[in-house]
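Here chain A shows up in two complexes: once beside chain B, once beside chain C.
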Partner chain A sequence: MSRNSLLFWIGATLFLVATLVMTQVIGNEYPFFACYVILQFIVLAVAWSILGGYAGYVNFGTSAFFGIGVYTAVFLFKAAGAPLAVQIAVAAAIGAFLGFALGLLTLRMQGIFFSIATIALTIIIETTVTNWRFVGGAAGIQMQRPPVMAPFHSYVQMLFFVQALLVVLAIAISRYIQNSWMGRGLQALKDDELAAECTGVPTLRLKLLACVVSGALMCAAGAPAAMYLQYADPSSAFNLNYSVTVLAMSLIGGTAHWAGPVVGAILLGATQQLLTVTISSEVNVLVLGVMLVLFVVVAPEGIIGLIRRVRRNRKEGAG
Partner chain B sequence: MFSFDLLLDAVVIGVLLGCFYAAVSLGLSLSFGLLDVPHVAHPAFLVMASYGVFFLNDQFDIDPLLAGLLITPLLFVFGLVAYRLYYETFEKRGSDAGVRGIAFFFGIAFIIEVLLILQFGVDQRSVTASYIGKSWQIGDMRIPFRLLVAFAVAAALTILLTLYLSRTFMGRAIRAVAQDQEALRLMGANPVRIKQWAFGIATAVLGIAGALLIIVAPVDPTLDRSYIGRTFCVVVMAGLGSMSGTLVAAIILGVAETIVLTLFGASWAPAISFAMLLGILAIRPQGLFGRRS
Partner chain C sequence: MMPDETEAPLLRISALTKRFGGFTALDNVSVDIRPGERFGLIGPNGSGKTTLINCISGAFRTEAGTVVFRDEDITRLPPHLRTRRGIARSFQIPRPFKSMTVAENLMVALDFAAVTDEHVSAAQRRDTMMSILTRMGLASKADVSATKLSQVELRKMELARAMATHPKFLISDEAMAGLSSSEVDEVLDLLMSLADQDITIIMIEHIMQAVMRFSQRMMCLDAGRIIAIGTPSEVMANQRVQEAYLGT
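Let's look at the complex of A and B:
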C-alpha cells in the first residue's frame, strides 16, 4: 500500500470513529438532522462525478436515481418490512441496473442529447411512481420508523452513521477508479471519444461501468431518505432540485479529482443548511444557481482547480 | 371504452394544441437546432416572457398578445446579451465547452425560476382578455376560443419565421452560418455577429410565444420543467433546425398528448413528451426531417 493510500484509509477510519463518537456523545438530534443532509449530498456529488466529471457526461438524472432509491426503500418496507441494510443493498442493485439501462439507451447520445435524455428518464419514472397506488401515488406515503438498534439512541443518529459509511464507500470507489486504468480511460474518452476508441480504449465498456457505479451509489444514497423524512412523495423525491444541487456541488468543487465534489458538497451543503434556516429555501436555490453560473464562467476547474493554480504559481515563484 | 366522437375531439384539439407547441418551440429550433447552443434555459425564458405579459396585463390591462409584442424588443436585447456571454465564456475558449455550457444554461434556468418565485410567488397566474373563457360550438364539439387564438397566432408566427429565414438576407445568412461557419468567415462575414442576431430573434419570438402560453393555460414559475420535454421533443423530432418540420412534429406531439389524456387520464400527461423524446433520441436521433444524416 502506497503512502497516499495509507493516509487515505487512516483518514477514513478517523472520520468513521469521529461520527460514531458523535452519536454517543451529542444528545441533541438537530446536528445529526443537518449533517445527514450534507453527507447525503457528498455521496450524490461523488457518484455524479464518476460519470459527469471523469467521463464528461452531464447527468441531469440525479433525482431519478435518488427517487428510485427512496421508493425502493418505501416499497421494501411496506411490502416486507425489510430492515435498513436490505433497503440500501436492494436500492444499490436496482440503481446499478438502472444505470446500465441508461447507459445502453444513451450509447449513441453525446453532450446535450445525453443530458436531455436523463431529464426525460426522470420525468417518466416520476410519472410512473405517481400512478403507482401501492406506494402512495401522488399523495405520498407516511412511514413509521422501526425501533432503533444499539448502540444508537435515536433513528436519526443511526441514519447519520449509515450515511457516513456510504460516504467512505463512495469516496473509496471514486478514488480507486480515478487512480486505476479506468480513470485514465474515462479521461481519454472525455477529451476525445473517437480518438480514445481508436487507440484501444474500451469506451463502451467504460461508459457503461461509469453509469452502473454512479447509478448504484446514487440509489444507495437515496434509500435511507425515506426513513429520514418518514414520508415520501413523488414530486419531492424526484425533484429536479437534487439534480441541479448535485451538479452545482460537483462543478464548484471541481471534477478533475475525487476530492472536488467532496469539498463542493460540504461547502454548499453547509451554506444551504444555514440559508434554509436563516432566510428561506427559495433564496437558498437562488444562491446555488448564481454560484453555479459564476463558477462555470469564472473558475471552470472549480475550487480544486483554483488550489492547483495557486500551488503552481507558488512553485514558479520559488523556482 | 372507445368512442369515435371522443377520438375525433382529441384529434381536433390535438392539432390546435400542436400548433401552439410549435409556436413555443420555434425559438429553440433556431437557437438549438440551427446554432447548436445547448439552450436548456429556453423554457425558462418562455415562462419569464409569460410573466412579463402577466405583469403588463395585470397592471395596465393591456391585451396579452399586444403585451407580448411590447416585450419583444426587450427580449431581443436580452437574447443578444445572453448569447454574447455564452460566446465569450464558452464557444471562444473552445475546449470542454460541452459540460460547462449545459451547466451554465441549467443554472440560468434555475435562477430565472427562483427569481419568478420570489417576485410573483408560487401561485398560478393567468391573464384576462375578451376571448378567454368563451368557446365555439360545432355540433357536439366545443372548441375553446383561447385555443383558436393560439392556433391562428402560432400558424402566423411559423409562416413569418419560415419566410424570414428563406427570403431575407439576414435569414439566409443565419442558415448559412448553421451550414458552414468557416465558409462564411472566408466570405468576409462575421459568423459570431450573425449567430448573436439569430439568438436575439430566437429569444424575441418568445414574447408572442409567452403570451400564448399564458393565454392557453395558467402559468406558474416551475412550468418550464414540463416544457423542457415538450420543446426539445418537438425540435429533436422535427430534425434540428427545420421550421416546417417543427410544425408537423408539434402537431404529432399535440395529438399524442390529447389522445393519451383522453384514454388514460391526466396523471400520465407529463410523461408523454419526455417518452417520445427519449424514443426518438434512442431510435432516430436525426429526427423525422433531419438536416444531418
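Let's look at the complex of A and C:
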C-alpha cells in the first residue's frame, strides 16, 4: 500500500472512530440530526461527481436516485419489515440497475441533452410514485422506527453512524476510480470523447460504469432518509433541490479531485444548517445561488482548483 | 523496399458508401492497402478524404460496403476496438486531452489500447512512453500541460499518442497543415522513420511536395469517388486529377 493510501485509511478509521465516540458521549440529539444531513450530502456530492465531475456528464437526476432510495426503504419496510442494512443494500442494487438503464438510454446524448433527459427521468419517477397507493401516494407515509440497536442510544445516532459509513464507502470508491485506469479513461473522454475513443478508451462502457456506481451510491444515501424523518412523501423525496444543491456542492468544491465534493458538501451543508437554525430555511436557497454565482466567477474550478492554482503560482514564483 | 504486391492486403475497403442525408460523401470506394505501404491520399477540399478515414477508424458508420483489417471484418466495430486491433490516427485539428500533461496523454493510449496478455509494470510503461516521446523529440515536454504546446509540438504529440497505441496501421490526417517548411520536413522525417518500422501509413496531405516524397502509392478522391490511383508521378500526370485541382 502506498503512503497516500495508508494515510487515507488511517484518516477514514479516525473519522469513523470519532463519529462512534460522538454517539456515546453526546446526549443531545440535535447535533446528530444536523450532521446527518451534511453526511448525506457528502455521499450524494461524491456520487454525483463520479459521473458529473470525472466524466463531465452533468446529471440533474440526483433527486430521482435519492427518491428511489427513500421509497425502496419505505416499500421494503412496509412490505417485509426489512432491517436498515437490507434497505440500503437493496436501494444500492436498484440504484445501480437504474443507473445502467438511464445510462443506456441517455449516455449516447452529449452535453445539455443528457442533462435534460435526467430531469425528465426525475419527473417520470416522481409521477409514478405519487400514484402508487401502497407507499402512500401523494399524501406520503408515516414510518414507525423499530427499536434501536446497541451500542446506540437513539435511532438518529445510529442513522448518523450508518451515514458516516456510507461516506467512507463513497469516498473510497471515488478515490479508487480517480487513481485507477478508469479515472484516466473518464478524464480523457471528458476532454475529448472522439479522441479518447480513437485512443482505445471504451467510452460508452466507462460512462455506463460511472453511471451505475454513481446511481448506486445516491440510492444508498437516500435509503436511511425515510427513517430519519419518520415520514416520506414524493414531493420532498424527489425534490429538485437535491439535484441543484448537490451540483452546487460539487462545483464549488471542485470536480477534478475526490476531495472537491467533500469540501463543497461540508462547506455548503454546514452553512445551510447554520442558516436554517439562525435565520430561516428559505434563505438557504438564496445563499446557495449567491455562492454558486460567486464561485463560477472567481473560481470556476472550485476550491480544489483554487488551491492548485495558488500552489502552482507559488512553485513558479519560487523557481 | 516496395511492398510485395502478391501479399494479402493489410486493409481492404470494398464498395464503401457513406451518405450525410442526401449528400453522398463516399460513393462505392474500394481500395487495398498492402502491409508496410506508404500510401498518400489526396483530393480537393470536400472530396471525402477525412470521411474515408473516419470510416476506417470507426468514427462514422457506413451505409454500405465493408472494411476488412488483417482478414477480420471490422465494419461494425466501435473505434476503440479498431484502435486495439492496431489502427491509430491523428486528427486534422489536433485533439489533445487538454487537462493532462503530454506524458498523461500517452499514458491513456498505453493504459487502454496497447493491451497485451502479459503484465506490464508501471515502470515499463513509463519507459515505453519516454522512448516514444524521445523519438518524437518531445522528451523535454513530458510534464508540460498539453495546452502549452506549440502547433508543431501538438502535431507531434498526436503522432506520439497514436504510436503509443502500438499500431500496425497509422492514419495521418494533415499532420503538416499550418506548419513552416522546416517543420514540415521534421514531421515528414518522423513519419518516414515510423514507416521503416513496419508500420503501414496513410497520409492525407495538401502539401504536394511532402505527399509526393512520402508516398509509394497515391490515390486521388474527388466528390467521393476515386479518380486516380497509382505511383505519385502517374497520379499527378492524370488528366482528371489536374482538372479536379485546377477546377477546369
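Keep this in mind: the second predicted complex is superposed on the first by the 319 of 319 C-alpha atoms of A that agree within 3 Å, B and C clash if a C-alpha of one lies under 4 Å from a C-alpha of the other, contacts with A are read in each partner's own complex, and residues count from 1 in each chain.
Keep this in mind: a residue touches a chain if its C-beta (ideal position, glycine included) is under 8 Å from a C-beta of that chain, and two chains touch if they have at least 3 such contacts.
All figures in this text were calculated on a predicted structure; none of them were measured in a lab.
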Chain A as common anchor, with chain B and chain C clashing or fitting: fit
Partner chain in contact with A:Gln187 - chain B first, chain C second, else both or neither: second
Partner chain(s) touched by A:Gly200 [first = chain B, second = chain C, both, neither]: second
Superposed model, chain A: greater residue contact from chain B or chain C: B
Shortest CA-CA distance between chain B and chain C [superposed frame, angstrom]: 6
Residues of chain A that touch chain C when the two form their complex: 181, 184-185, 187-188, 190-192, 194-204, 256
Residue numbers on chain C that touch chain A, as the complex places them: 57-59, 78-81, 83-84, 88-89, 91, 95-100, 104, 107-109, 111-115, 161, 165
Interfacial residue positions of chain B with respect to chain A in the complex: 32, 38, 40, 85, 89, 96, 98-100, 102-104, 106-108, 110-111, 113-115, 117-118, 225-226, 228-229, 232, 236, 267-268, 270-271, 274-275, 277-278, 281-282, 285
Chain B-touching residues of chain A, taken from the complex the two chains share: 52, 56, 58, 60, 105-106, 108-113, 115-117, 119-121, 123-124, 126-128, 130-131, 138, 240, 244, 247-248, 251, 282-283, 285-286, 288-290, 292-293, 296-297, 300
